[in-house]
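This is the structure, below, for whatever I ask next.
A, B and C label the chains in the order they appear, each numbered from 1.
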Amino acid sequence: MIRGFIDHLVTFLSVLATVLVILPLLAIFVYLVYKGASSLNLDFFTKIPKTPGETGGGMANAIVGSAVLLGLASVIGIPIGIGAGVFLAEFGRGTRLANAIRFTADVLNGVPSIVMGVAAYALIVSPHISFLPFTGHFSAFAGGVALGIMMIPTITRTTEEMLLMVPNAIREAALGLGVPNWRSVLAITVKTASPGIITGCMLAFSRVAGETAPLIFTVLGNAFWSTSLDRPIAALPLQIYVFALSPYDDWHRLAWAGSLVLIALIVLAVSLVRFVTSRGVLKGTS
Amino acid sequence: MVLCGLSIFGIVLLIAVELIKRSDLAWAKFGFQFFFRADLDPVTHQPIYWDPVNGHFSALPFVYGTLVSSFLSLVLAVPLAVGVAIFLTEMCPLALRSILAFLTELLAAIPSIIYGLWAVFVLVPLLREHVNPSLIKYLGWTGLFADDNPTGLGFVSAAVILAIMILPIISSLTREVMIAVPHSQREAVLALGATRWEMIRMGVLRNARIGIVGAIILGLGRALGETMAVTMVIGNTPEIHHSLLANGASMAAVIANEYAEAVSDLHRSALTEIGLALFIVTIIVNACARLLVWAVTRGAPARVV
Amino acid sequence: MGVGIEVINLNAWYGTNHTLQDINLHIPANQATALIGPSGCGKSTFVRCLNRMHETNPIARVTGTVRIGNLDIYEDAKPVQIRRRVGMVFQRPNPFPTMSIYDNVASGLKLNGYSNRRVLDEIVEKSLKNAALWEEVKDDLKKKSGASLSGGQQQRLCIARALAVDPEVLLMDEPASALDPVSTSKIEDLIFDLKSQYTIVIVTHNMQQAARVAEKTGFFLNGRMVEFDATHKIFTNPSDKRTEDYITGRFG
């Protein structure tokens, strides 16, 4: 029967599609491990890159630099994101303002990261403004701000989602204790949803950790140790990009090792997030 | 809390304002023509689109490159993404489902730069050695596959890596809208004597089609703005050829490559205007996509992708 | 024309839950047979075994024999073929919301390859008339969607959809439980009219409904069929005490 044949054909094609999709994933991982594992040694994590021609060196400055950037990004992104999420779930639920904010957060989410970089350049790096601190030149500050803004939509959405999952019974119990509304919300509801909110922050963090485009002309990169917010700084994804496209084999090796480190961190973060959300740890109520 | 929420408005507004402000030079000089004009070389009479040193600025090759690579990537990604979604939602044994869903999530989490690296060192040589010759041989008659680019870079490579990158988004959103279709619809079709594929087609896909279109548009939005991976494989040549194997450029890629060392204020302003165009287009595309998906899943806060 | 159904030693499981135990009965052709019993007694599961819908659940299992007419539906046929011959109407009306009324009724036909416009028109009209819905929708067949009708109309649409593929048996799983009394009585009148052409098996919670429409009634309890007899006998002089307790409302 031709209907039966079509049914089997579709099944076959769907399985084929799935295989074709998983294949690149495995290919990328295998390749990264193959290329990068050999260059992963203590030096990688402790030394800065050497001038081309000399062997050895590492990407320590880039790792530290990324840490600084992500730290600044988190300081900006997490409070605003959680604050907005709390507003959407607890105070503005169903209001037009909340819908507008949610929609705008989505819009922000969809802005290409390169455009974020342009905006950060225009606002912070561009010499037109030079009376504010950290502005007027390439700096870690500019990159950190760009990354921080990029974290906001993700954190807002997951915070709202997690708070909505807290059963109303808990809010009512808090109100029943005679605590004024906003305090009860913060103390109890957020605490109940906190595992989920934290995983949301982790998700945003890992997403932003791998971003290169917004950093190209904001932090510029730095071949030496630097942790100052006021100067260009090295960042892991940026360094990987520059090294990979350079003509030096040594730098290629470092790029692969760096990629392996980066992807290992991201896999860890994603796995943790999945573990927390699927085990219902965020349910909170015992 | 309200302030946090309102600050999001402020941020988006600020971005828009700055982009508009910094594009003013280019806008004043070229106007809307910026996106499809071309100066002609006095000697060869070939169009010169983008020559910052000599003051030639036209965004046409970048618009062309972005559109071609994005739509080509959709052509590649959509059938696979929908196929994966169908498999995971309707056919996959339960035990396998969470593993495969996790792997698809991982695909979405891989940073663009790593996709770019892998593309440059693995994908492009692969295409160059094994796929492009076949394309030229069997499909060269269409005029879309010429034999004049030995590097393996170009639109096809960019489209393939883009397709791999947008696949997880389209797939997971398609899954979401398929799961939202009530079970009773599937049963109704089965009870009429339908095969499994017919049940999926009539009972699930038909009901979810609006959301699936939304998922595809969202994937398009991502493809339009994708920077690093595209920069590394598209060839960064601001020219227009109808061969899909030719080198090209994209809006995001040219900004990434030239912004830091722009040769003049006009150059920088032109790049900013390209950024502004990207900003506006991705906003519109994403807004349409979210509206469509919202219409099917009825307003529950959609998972952030 | 309808056919009789023979059920021999039917057992069904949901995972480890033994939902149906050793069911044996004969459902006569061209009659309505009602299945009654308290919630969870297995009557819905039983009916879903008759058109092999039970096995669509991955943890479901069936053993035993079900013969529809001369055909052993588990040994000698595929589920897709069976469901063409055995139609089903569900508890909650489930018309296809993205299709017009016409397309809803024709959906089963189109699946089976009918494409001739005239043939489709004829069958759609006949089915809607059989389902007592024709007069109400004949002017909006292609303009209105299946979901835009009232609850009772939707259910009659689902009946028309099931009838369009010309089954021999019609299974109805509490078809009126989600409907108002007026719609319910319309459906019951419908069953009365359809009996002569089809074999009808109707699961119902409502004993009065069984008494109104069915010649024979089976009483299910805890996965077993306790008693199966002429309806009036079940309701006036049941043989088993458990049946009597249920009828008189002592439990359930």
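Here is the rule we use: a residue touches a chain if its C-beta (ideal position, glycine included) is under 8 Å from a C-beta of that chain, and two chains touch if they have at least 3 such contacts.
Worth saying up front: this structure is predicted, and the values here are computed from it rather than measured.
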* Could you tell me between which two chains the number of C-beta pairs in contact is largest? => A-B
* Specify the chain most distant from chain B by Cα centroid. => C
* Centroid distance [mean C-alpha coordinates] between chain C and chain A, Å -> 54
* When the C-alpha atoms of chain B and chain C are each averaged to a single point, how far apart are the two points in Å? -> 50
* Length of the line joining the C-alpha centres of chain A and chain B, rounded to whole Å -> 20
* To do: List, in ascending order, every residue of chain A touching at least 2 other chains.
  => 3-4
* In chain B, which residues are in touch with two or more of the other chains? -> 195, 198
* Multi-chain contact sites of chain C, meaning residues that touch two or more partners -> 80
* Given the complex with chain B, which residues does chain A contribute to the contact? -> 3-4, 6-7, 10-11, 13-18, 20-22, 24-25, 27-28, 31-32, 79-84, 86-88, 90-92, 97-98, 100-119, 121-123, 126, 149, 152-154, 156-158, 160-161, 164, 203, 206-207, 209-213, 216-217, 220, 237, 240-241, 244-245, 255-256, 259, 262-263, 266-267, 269-271, 274, 278
* To do: Would you pull the chain C residues touching chain B in the complex into a rising list?
  => 51, 53, 56, 58, 80-84, 87-88, 90, 92, 94-99, 107-108, 111-112, 158, 161-162, 165
* **chain B residues touching chain A - in the complex, by the definition given at the top** => 1-9, 11-12, 14-15, 18-19, 21-22, 79-84, 86-88, 91-92, 98, 100, 102-107, 109-118, 120-122, 164, 167, 171, 195-198, 200, 221-222, 224-228, 232, 252, 255-256, 259-260, 271-272, 275, 278-279, 282-283, 285-287, 290, 301, 303-304
* **Residue ranges of chain B in contact with chain C within the complex** => 93-94, 182, 184-185, 187-195, 198, 202-203, 206-207, 209
